[in-house]
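Order of writing sets the chain letters: A, B and C. Residues in each chain are counted from 1.
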Amino acid sequence: MSLLNVEGLSRNFGGLRAVSNVSFAVREGSIKALIGPNGAGKTTLFNLVSGFLPPDNGTVSFNGEPVQGLKPFQIAAKGISRTFQHIRLFPKMSALENVMIGRHLHGRSGFLAGMLSLPWTRAEENRIRDTSMEILGFLGIAGLAEADAVSLSYGQQRTVELARALAGEPRLLMLDEPAAGLNMRETAAMARLIEKIRDAGVTVLVVEHDMGLVMNISDEILVLSYGEKIADDMPLAIQKNSEVIRVYLGEEESA
Amino acid sequence: MDRSKYIPVLVLTAVVISVQAITAAMGKGFYLTQLTMSAYYSLLIVGLCLLMGYAGQISLGHAGFFAIGGYISAFLTTFDLTPYQTGRLVSFRADTGLLQARQDLYGGHLLTLHPWSACLLAVLVAVTIASVIGGPVLKLKGHYLAMAPLGFGIIVYAIVLATPLFGEADGLSDVPPFELLPGLSISGKLSLRVQNYYIAWVLVIATIILLQNLVHSRVGRALRSIHGAEDAANAMGVDTAQYKLKTFVLSAAFAAIAGVCLTHYNGGIGPSEASIMKSVRYVAIVAIGGMANLWGALVMGSLLNFFSLRGYFGSFDDAVFGTILIVIMLFSPEGLLRMEIVRALSGLFRRGSAEEEAS
Amino acid sequence: MSAELFFQYLVAGVTYGIIYSIVAIGFNIIYNTTGIINFAQGEFVMLGGMTAVTLNGFMPLPAAIVVAVLVTMAIGALVEIVFIRWLVNPSVLRMIIITIGLSILIREIALHVWDEKVRALPYFTGTSVSSIEVGGVHISPQVLWVIGVCTVIVIILNFFFSCTSMGRQMRACSDNRNAARLCGISARNMVTLSFVLSAGIGALAGCVVSPITYVQYDSGTGLAIKGFTVAILGGLGNSMAAVAAGILLGVLESFSIWVMPTAFKDALSISILLIILFARPSGLFGSREVFSMKEF
């Protein structure tokens, strides 16, 4: 059964139709990729699903529950976590602290408990710290825990961001161009990590430009062009789809 | 690391005690008066530090909350309820011990609200106002975000200056001591000077322990994440608007408590406590203290307020704080005593203990 | 209320309103070229008035006013060159705090250069008791001076921004600083110029109003707050709307003393400011859509 169901989602900016009547579903436990030429509306679609933009029309249901129009933190609480195209780690914090923020939803202590530093809040804090370390370990970067997050290399920062998004134990993980700016070796490592995450039971929705990565790891691919869905199929079928080829070749010609 | 954060608290306690001992030994006990007053101002300043440095919001209106606390408490503890004694509300309160009967300066009979209930009411009012205006204020950006609390401060100033019940330009005086516990009261009486010095500084130490715990907690981490990258924090499930509002309200509560205490200590409050210059001064102190540095704010708050209250700056009092603001913002906009700098310095000393922790 | 009293209040309101508008226009000129609000704008008004009063001791009134305006313009340039010019991409918050600091500093310097005494220029024509009858209402000739001078300022500014090459260059900077730079316009000089211009306008206004309102080392702060309210009310950056908003606020204030104590007059304008900030930050006359695109 599908974990995420998007029906007739639309969003205009001024007169521009950034996303127009897009419907798709993401099967639980699968990796779905979202591709399309620049300006196809991929990031807008991402922002609509994760609550950063309210849709003009259409519904987004997660696990059978409507979530469109909710605020990002509410959507995160439902079990959807995301990363950003331009890495947005928290500066002046260690990698571990960044991941601990990602576990924010798994804590309860508020202002009063925090000020009083009650035994249960300290225990909770230790649990958050331990689990965050485990997640860093799961992604193979436990050694970076104490490093200042923004001083890390680009690839390491991407991995920390991935760890941060995973720390909330989401059911759906949304990755916005996780391989952008990575070299070939790093991209291959990222692909393995994404598959590892999927195998651990997390559903993944990924926007990506790197076709090699997309074809390798995705179970299904959704293709957008000028805000509209033009294909939604298995990788092999997508490679043969004439509409997709035309859109991509057309872009290469103009570029 | 959990224990090492209490080292500064111990140092502070030692400093507080030795300052008292030294002034006593040198026969300069009169310094304690200004040190007590600056302690109360520091309560407001560390609260503002939490708001500015950790939640990343500026407020040029905190003198307003200070004044709300001070004025309401002063008004309620000086307003004579004797004529209303037969009213149901008053007699109910009298029965429950919320009132206090005392004699005024001329031996007349006065029936007023007890300072404890006045204090609670004053803080409650400040908190309520902060919650109500905080929502729309914190949604604003840039100039408007800076202007809204400033405007609030000006309104408070205009109101206390224009309301006869609040004494207009003279302010309120003859505010009674605040008996915290039997035998322990906030009062400007000369004989209670040492006691009051300790009351004030115990309050400061308690506050800084609370706030330090907070910044090292889940909430503190969330606040820093909002300051660092607000939308990423939101995506991690942090209700950023709610957290900013709560911090605003908390800092307003500390400002109001500071206002209540200082008013009882001074025995009165005047409109200058609500002036814009006071708010600007608090912001300047947090900036020179390093923005996200509770200890820096505390040290700078105590020192600068002490110097100012002793009159060391003469007629250049406001100019000093104006200059501090400009210089800091021109050359070190993230604050002067920044945590990074402090950490880099203390790293030299810490290396030994870090090895111990690792083993 | 008698009709005559009504008109007296109306005239008083319009007079104050026009002064607020001039301060607001000073805000707008700098805001348009730099995107920052110069909280020291009120101090320019104060400096103009104070300098002119002092100079009037040595020279005739017109000369004193001209020199005072020039001196204040030089101070405006100095402020920009020393404190603003060399900052690279300063945040809005940083600029706000710097200009607030500047406002305090200028005020405190004025306190030490002069003193706490209230001063005033003599009435330009006639005395404090002379009045002109206009349609049955007695108006002080100085009020006509204020209205006249401020109207001339607004007209000249409009001409400057739309018909001279320098004015157009300044407008280009406000639309798009990078594009202006590419066209060979020195954005930095335009910023300095905007400070000089708004300092001069403020100073001139300060001279004209000082016989009526008096001037003191700290009279800038109050004016700055009123001016800011008016600038927001009209929509930041829109100078013609600022005139309308200024008159509106002045008249509202003037009539407010019927319904509440005079002392609350200041609270009134700030309350209006807060309501506008919360409810309609684009101002009464501004477009919401354009506003939402602006950067702060």
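What we mean here is this: contacts are C-beta pairs under 8 Å (C-beta built on N, C-alpha and C of every residue); 3 or more make two chains touch, one makes a residue touch a chain.
Here the structure is a predicted model, which is why all the values come from computation and not from measurement.
Closest to the protein's overall CA centre, chain by chain, comes B. Chain centres here are C-alpha means, and the one lying farthest from subunit A is C. A separation of 35 Å divides the Cα centre of subunit B from that of subunit C. Taking each chain's centre as the mean of its C-alpha atoms, subunit A lies 51 Å from subunit C. Here the CA centre of subunit A is 43 Å from the CA centre of subunit B. Within the complex, the subunit C residues that touch subunit B are 36-37, 83, 87, 90-94, 96-98, 100-105, 107-109, 111-112, 221, 225, 228, 232, 236, 261, 263-264, 266-267, 270-271, 273-274, 277-278, 281, 296.
Residue ranges on subunit B touching subunit C, taken from their complex, read 58, 60, 133, 136-137, 140-144, 146-148, 151-152, 154-155, 158-159, 161-162, 168, 276-277, 280, 283-284, 287, 315-316, 318-319, 321-326, 329-330, 333. The residues of subunit B lying in touch with subunit A in their complex are 2, 210-211, 213-214, 216-222, 224-225, 228-229, 231-240, 246, 250, 340.
Those residues of subunit A that touch subunit B in the shared complex are 50, 52, 71-73, 76-77, 81-82, 84, 88-93, 97, 100-102, 104-105, 107, 109-111, 113-117, 121-122, 124-125, 128, 164, 168.
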